[in-house]
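What follows is a pair of complexes built around chain A, which joins chain B in one and chain C in the other.
Coming up: the complex of A and B.
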């Protein structure tokens, strides 16, 4: 999946969340920043945790270095990609 | 010379503080580390199972449930300097997050000491009641730590040197709240309403802009007239004020609830945290662990 795919994946995910209830799919895909979508920085972390729960069953911890990247949609898409990649890594024995 | 002495204040710095009412900047976190510390604090805020209150407007006291901030308030680099100014027994009684978004205005000049809280238009109580005189330089201190760049462009703090020596404002009087009014530049209030001399304004030539890099802090007396510049940068400015008093000070003695900024919180959760020394008075409820069970660190008298 490329960056654009992750932008669409974020839009699909956000539309299932209370924070995205008043947003259309097109609004989310077309946005540049989370502020445009009316999402606060703390709510964005909540969304990230919900994403992790949904797609990795809570198997990935939120990393501090991700937080500054959650201000724009491209950054969010890149973090989601990293989360999926982390979840796909085989467990180390 | 021991580490303790090195990390405390020199006699000259103590004198400078007594004269000016503020001192800094001091290094705490590395410049690239500070934003990550704040990011972890934000994660703590979200994952906390026992928040002190539910308000997102009144940004007080998250050191009581966020492990990162529980550690921050007792950082030895901070506590050693506080000891040089207020003896060994030091209690953190409050923290306050100060975020300034790009384009946000500066904060108007103000000075406080008792942190008066209004129950109604006519009834007010001091948050702090000082019960004894001290031979130390002070019994109350604020440490303001920058977690992002806080230079002039980003809206740094400003001080009027020496202004702690007299009152320019009457903090016991109520103020009107109006977020739409531009003269209400003190978080929606107009602190200028409290001026003792309506014609007085800080002398522009004397004002000191306290520019901080991310990870640096400044120590000041809340009674020293201070404010902040507008944020004309494209980045958010993030700071945390942690406030300390001697445990001989009674905190929120007659106050059960705080109102302001269009919201209110109950103080059931509140308690002091000893970051150094002992509480020999028993005046205040104390927390040994934060609300999620994390033990508060304390700087011992051997400096560790």
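Coming up: the complex of A and C.
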């Protein structure tokens, strides 16, 4: 999946969350920043935790380098991509 | 930043919580208030189920906490040289004009010099601790009490985007005559200019946290990996976990969730509440390194401790 695919995956995921209840799929896909969507810092953190829970069963920890990327939609999409990639990595002994 | 008085023991921690147990959901218009600050986030995920409210004047709770501290340490009121009081800016504006006199008189602290530390919001108490320790530069000083209190008269003000506020006072004793429970290795408070302007971001919050944490670790000659436990501020659980993770502190090292559930965010008292709670459950260990952490819009503070109990 490329960056654009992850933009769509974020839109699909957000539409299943309470924070996305008033947003259309097109609004999410077309947005540049989470502020445009009315997503606060707290909401973004909860979304991130819920994404990790849903797609990795809580098996991925937040990485410090992800934090600055959570303000714009491309950054968020790149973080989701890395979460999925981390979950796909074989477990380290 | 670095401690000049490494022989000063800090201990006899005590808390006096608001006496009325309340549920956030019972605050009038709670759902509307929460929606305003949370933008669709489920409150159940925030980790706070109850908070405590003071039904009487705040000075009664301050006196209660200090009295517990003196009793626990077997210290006579006449032996206390200084009392350092810390509170957040909003609570400072609510103190009665005779606040300090009533506290000193109620405790018979006749020879005790009072001090006030504020203007650093919920980070004021860690600065108060450092100030209290520096008072030992006077060789005649043997006992210093540091006490903090934060409270909210209006329940609707308790509901914030970053925490649910509860009421509490907490205190501890600094002495050169005993090891105490911990000693202060270093402390620091730093400013997030964006936060002061109400424009803090993930980046600005991470930046101030990293600057503060690295300053205390450097001054205390410790590494992140040496921390045995972190006494975090009781912000909403996802925020606390995220903030810690963003500077490399994993969730397992934090001690805050149980006290957050019962007491909410008690402003300046959080780190003392969590340190005491941890000690009662697991025991502070001599030689181990502990971190107390506090933050507020515009500020971040850390205190680095070493367990000193014999």
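In this section, the second predicted complex is superposed on the first by the 93 of 93 C-alpha atoms of A that agree within 3 Å, B and C clash if a C-alpha of one lies under 4 Å from a C-alpha of the other, contacts with A are read in each partner's own complex, and residues count from 1 in each chain.
Convention: a contact is a pair of C-beta atoms (placed from the backbone, for glycine too) under 8 Å apart; a residue touches a chain by one contact, two chains touch by 3 or more.
Everything quoted here is computed from the prediction, not taken from an experiment.
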item: First, second, both or neither for A:64, with chain B first and chain C second; value: both
item: Per-residue contact with chain A, leading partner among chain C and chain B; value: C
item: Which of chain B and chain C A:41 touches, first, second, both or neither; value: both
item: First (chain B), second (chain C), both or neither touched by A:49; value: both
item: Touching partner for A:29 - first (chain B), second (chain C), both, neither; value: neither
item: Shared chain A surface residues [contacts with chain B and with chain C]; value: 40-42, 45-46, 49, 62, 64, 67-68
item: Chain B - residues contacting chain A, complex; value: 35-37, 39-40, 42-43, 45-47, 56
item: Partner chain A, residues of chain C touching it in the complex; value: 38-42, 45, 161-162, 201-203, 206, 236, 238-239, 241-242, 245-248, 250
item: Chain B-touching residues of chain A, taken from the complex the two chains share; value: 40-42, 45-46, 49, 62, 64-68
item: Contacting residues of chain A [partner chain C, same complex]; value: 17-22, 38-46, 48-49, 61-64, 67-68, 70-71
